[in-house]
């Protein structure tokens, strides 16, 4: 079994933002020279999420609106954890969508549906965040 | 390290539906002749989910009711993404439950609790959907 | 490829409770003598969840409050699955956060951010629950 890992860095300028990181992950996979196995991604920051979905601005607005209803930022007084004002809501959104994804790897290619992407969500933007990409296989 | 992958197809006749696909995944595992490792499942469609749970009609009704409250279909005007009427809500449900699961594989058997199943949810039924099953191990 | 698996047991005395299990998982990893690969954890009970996050009492109270709003226990009559009074809500919480996590393993160490933990949530406490830890790699 071969293995390879590398960090991918993302910086958002928006309070909440969504990015496709498929291209960056594919680059790590090609560096790994691993053809078949699994690609595991883990987001190091606890106010971010990773998920697999299509990259569509309207739909990302809809999921953002929905998450904002499920875990609203205001009133700040509803949360006991309040290091800064937006933090608690960002953490909860992160837990609801999760912080990791796996993608199957076959013949050196990510097994993703044509329109699918590895999506990164930053619910507390403004600082650089890191995603660990680990490739295992042969 | 050995690897094997195959697609499993599911078609629902209901607008929203839930299926146990453990048997189909187990069949792929036995074809793979891999004894120990990981089984990774990824649902190719972005209005579906995969999760591990018991298969109980009443409980699936309850989770369906809950998801329908968290991401209701109507009013359609609440969503900006509206290729067809039910789509945005189906996509959001898919993101909340997630589109992938792993199962541990030991001695050729899926390591699932006695009552647990690999569950597939289709939130926009009517068309055939595919699930990629990837087995890695030895 | 090498593989190793072991169960970790957790018992909560509270109706709903949250534990960091990183130490127990790290112990299984060191027993495995596997240096590089993936660590997969699966919670055997369908009223529990696993997720990666920081272990902070205030924040865990906030996520507990949020989940309790999304899937409240009362009124019991809102659920059709009601083997005992708290069950349906516990199952739904379990599905929303999910029952499995992967962690990357490099040089014998879990690749987790400094403050991150493998967190176990029991939404129907009082009985011992098991988590399967499967390590694959080389």
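A few comments on the model shown:
Labels for the chains are A, B and C, by order of writing; each one numbers its residues from 1.
In this text, contacts are C-beta pairs under 8 Å (C-beta built on N, C-alpha and C of every residue); 3 or more make two chains touch, one makes a residue touch a chain.
Composition by chain, UniProt nomenclature: A, B, C = Secondary thiamine-phosphate synthase enzyme.
Keep in mind that this is a model prediction, so the values were computed, not measured.
After Cα superposition, the angle needed to carry subunit A onto subunit B is 120 degrees, rounded to a multiple of 5.
In this structure subunit B contacts its sequence twin subunit C using mostly different residue numbers, the overlap staying below half. Distance between chain centres (mean CA atoms), subunit B to subunit C: 20 Å. Contact of a single residue of subunit B with at least two other chains is seen at positions 1, 38, 70, 96, 98, 102, 136. In the complex of the two chains, the subunit A residues touching subunit B come out as 1, 36-38, 51-54, 56, 58-59, 61-63, 65-66, 70, 96-98, 101-104, 106, 111, 113, 115-116, 136-138.
Those residues of subunit A whose C-beta lies close enough to touch subunit C in the complex are 1, 3, 5, 38, 40, 42, 44-46, 70-71, 78-82, 88, 91-92, 94-96, 98-100, 102, 132, 134, 136.
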